[in-house]
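First chain written, first letter: the chains are A, B, C and D, and each begins at residue 1.
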């Protein structure tokens, strides 16, 4: 168990090299096997994880460039643990669902490489290492969209790449500056996050650094108005790309908010609380409206992702354990749900080679199983209690209520508007009479699709009914982080707000 | 007094000569003016006490370089007037003058701001050629050798470039032209 | 009294003359002439600084520059001959192959 | 006793999962039998629990923790007390009857197995709603019944109107649920828990305005679920679902959840009589408003739906005025007679090949006498004629209104009672008596299966006699709920009862007489008031024009104009600027040496200028 984190990060990379030798026919089997092993490794990590320990565990530290404090530093805590498991799980599921024939070997290799970078992002405790993984993750996704996409794939791929890349360029400056600040404060260089956590920064510095990091994360999330790359990327990406993009890659942004922005710049985070919350609310409402107007199924889900990410951001900036824990849980649940939804759209796209809603109608008659699974996942997307979607949404909104009730009300309209676009989509695609001749011969789900979808549906229900083990583990780390924020805050206002939102009772 | 007269005379002459080089439309005039200018420049070197440099200037430029140009000119058969269509005259002059001013400014800036310590001070009583020899064969020995190799390489390159082509038959030249 | 400033002014005038040549000349041979002017202008500057500061490095540099000018002429003329044989002209406007 | 609780709660879910296995298969009677048996089992357990509760038991179980984060801890906790057990018994009883009834009604439907899955799932959700011991548990059931309602309204999904109505119901409920969620959030941040007992115990020490806000927000949720104005339109449209569903969900159980919420949180609401007053006023308004729409409607089910709305208004009046036990009592009796009415309507539809227009029926008494009798019983109960169940519960509500000196509320209810009498017997007369219009239209009605009629019998009996349990019921539930003290003198009480009964009976007789004589002339249909009522006060149209369409237009605008034209355009613009500048600067690379030299000099000049004039701020 000592080097399990390195194992988890680099196992897919090692597998990638073997992947070049594997024959074309067995490429998918190879990919699934590797992803399965990787998933089991992450489960082993969970089993070995000490649930009562809020700090970083399984820490591995090897100095790389010691005079500048750059090191190979991995660790996992309650916040990142489940995101790692989500990454490995969604990779596994997306590989199972894979049915692209073209260049399958290269695709599998690309996906495994992507898995390495995603896991690396969540496990890195060194900022330089984090940045490397963060940027590396763009490359496989660029290939997936650009090489296996449809329509304007090159445009979409380049847009995706440049957009996110430009966003993170400023972050690099921020990282270097923060490293320099650390050097000034302590006399030694360090880029390790636990070291940085101890660094108390003056308010003005925090503001600038928050801004620099914010842009990178906001593009990744994606926050309004930096979201336009997402519909294109999803629109052109193959199913597997969309699944990984929506389920895991978007979470990198919100994870980074929780991991960096809040504990490193507590005062700036509180200072920018309302602007960020307003953006989040715009995301929720605006994206829901745009989703409602879409004609393409996949775009509906793409915009719904933006809407849900808005609630995650809101929960994050609730600054209390309820909200942040809820936001992290919502990341997991949105990963599962959006992954499942994209997979479901992929199912119908494989059969009809179109995603336009108007091309369908009455599918419930011909594909009842498909409709049932779609229905369950849709209900989770809408946030019905006892599905996985409810827990996170409820906690996020609950948490933010303490900050501002009116904004919560506005963001809460998301649950109405979410129901509107999802139900209308469901009605138009599945209900009504089966009119189109092309649809009459459609086959219901086959074995491959079932194996990929059943675990997701099972998780939707199981985690909806019994989220407690996950919530507890997250919660303990989140509480520790909030205590840290409170300690580090330099302004009395910040401390006051943190105290207020983290306590129950009293009048408004 | 003599120095002042000599300086101004040389200056006016050199500027005049180079003016002809730059503005003349006849290659022959230009080349002759260039040769003249080169010799006159050596006058500055003598004025400045750089005897060795003056000698080298005359030998190398007027002797070797100008001879090469003369041969080249004969080769190109460009004794006739050259028609050049020159655009953007204003830009050219502005740019030139600006750059010249800036260069001078830069050159002067360190001199007037801080005193420069002489690395290889001239020693009174020792001749200029002697001093140069001393420095060239001690401190600058390697650059000197490298310069020698460079000259050798340039010589070989010049020979190779021109010679091979001369051996070509006129028809080959025609073909080569056609290819372009 | 002739000071360093005089020399440097002269250098500047010659240098700008050289640049004018470089900029306005279209005939390659003339262009070479202009570059010679540039080099010589700088040489004077070096020699002058060398004299007024009693440092021989300037002269040494001038010396090397003369060496470089010589090799440049040798190689440059060789190439020029080559080009002339190819295209029949040494006009600058005929050299457009590097168009981006 | 805990095992009874678990049996009562989980028997339906077992049934639902069992028939879920068959949903994709052909019709299978086993699903119906198994689910019916399990629902009956649940009913029996509930009944057992009721007797146990009667003997003084209050069950409180905690299944497991559900959500815990920060200071929050929400368990799956269930509670059986005097109030919830009444609901349990009512729900399981009606649902058992409906389930058995549906075996006949859904006999030839291809979604047979699916139907029973949904019904059992609904019962489970409803039981979670009533048995939960905390607000979030209630919210689970709340959303769960909403989901089942959505699925069952849109049960015949091939019909566009059905799936539309399902969506409308779900979304409208969601709007109200947002209010309720806000209420829940406020509760949490004030009390630090969602547990009923803790909250009610501490509510008294809270700031009244906070409690009032909580009350109002919770009531918004209740308005959605109980289809109170302005959320009422979904209930009429929900009649697109199969009739047993209308009987179970949209009459007897789910729509009363809002009333149940107010009763459940009576300890909160009794602290804030002003909010209670608002509730009562709105209830009185809806009682008349909905009844007025029922007066002219020709759709058999919609008439009953509006009648349900109106009766829900009555319940809210009682709940708002603090007469919680009366509200609960009316809720229970209403569940019996309204489901009976709906199921009778189902029989008629079955007989008339799903025809709903009551003007196309008439004289059906001869063909289906048993249905006619049952529906007449239900109508009498609905109108509140002695000795039927409605008399006891409804008159108590009027009394309570009078008692609190809310005379305008009383008057509204009084008028509402008259309207109820009119539309009920208009329906009875048009359907069962008069000309046999159906014969001209070529229908061949027939009485339904005997077992279906037998299954309705318990409801018929209860509609008749339930009223006589008034006193024991009061004693039973007021152990938990606060008592309601009548300050009226006995004589006033008697006078009131007499007045209302006389009025109602008068209206009934007049209606019967009028329709016996051939009914109203066609001319009445051109009256503005008639048209207004017929179009449901143009409210659905208003929603369509003012909300649905603008929302769609706005959404299209947001996508096509804002997203594509502004945001994406400006992003692409940035890219284009770079691209264009690259294209333009390519021209510099003309390949001409003089040009290059010129640029070189420009660069040199710029750099030199920088070197000279730029002074770094160090």
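Going forward, a residue touches a chain if its C-beta (ideal position, glycine included) is under 8 Å from a C-beta of that chain, and two chains touch if they have at least 3 such contacts.
Please read these numbers as outputs of a predicted model, since none were measured by experiment.
Participant: If you average the C-alpha positions per chain, which one ends up nearest the average over all of them?
Facilitator: Here the chain at the core of the arrangement is A.
Participant: Name whichever of A-D and B-C has more C-beta pairs touching across its two chains.
Facilitator: B-C
Participant: How many angstrom lie between the centres of chain B and chain C, each centre taken as the mean Cα position?
Facilitator: 5
Participant: Where the CA atoms of chain A average out and where those of chain D average out, how many Å apart are those spots?
Facilitator: 36
Participant: Averaging over Cα atoms per chain, report the distance between chain A and chain B in Å.
Facilitator: That pair's centroid distance is 68 Å.
Participant: If you average the CA atoms of chain A and of chain C, how many Å lie between those two points?
Facilitator: Going by mean C-alpha positions, chain A sits 63 Å from chain C.
Participant: Check each residue of chain C and list the ones that touch at least two other chains.
Facilitator: Chain C, residues with two or more chain partners: 19, 23, 25-26.
Participant: For chain B, jot down the residues that touch at least 2 other chains.
Facilitator: Answer for chain B, listing residues that touch two or more other chains: 92, 95-96, 99, 103.
Participant: Would you pick out the residues of chain A that each touch at least 2 other chains?
Facilitator: Correct list: empty.
Participant: Spell out all pairs of chains that touch, sorted by label.
Facilitator: The complete list of chain pairs in contact reads A-D, B-C, B-D, C-D.
Participant: Quick check on the complex: what are the chain A residues that touch chain D?
Facilitator: Residue positions touching the partner: 159, 162-163, 225, 227-229, 231, 286, 289-290, 292-294, 320-322, 325-326, 329, 362, 364-365, 368-369, 372, 379, 384-386, 390-391, 394-395, 397-399, 401-402, 405, 408-409, 412-413, 415-416, 419-420, 423-424, 427, 430-433, 465-468, 471-472, 474-475, 478-479, 502, 504-508.
Participant: For chain D, which residues count as touching chain B in their complex?
Facilitator: Touch list, chain D to chain B: 598, 601-602, 604-605, 608-609, 611-612.
Participant: Mind pulling up the chain C residues that touch chain D in the complex?
Facilitator: 19, 22-23, 25-26, 92-93, 95-100
Participant: Which stretch or stretches of chain C touch chain B in the complex?
Facilitator: 1-2, 4-21, 23-27, 29-30, 32-34, 36-37, 40, 43-45, 47-51, 53-57, 59-60, 62-64, 66-75, 77-82, 84-88, 90-91
Participant: Quick check on the complex: what are the chain B residues that touch chain D?
Facilitator: Within the complex, chain B touches chain D at residues 88, 91-92, 95-96, 98-99, 102-103, 105-106, 109.
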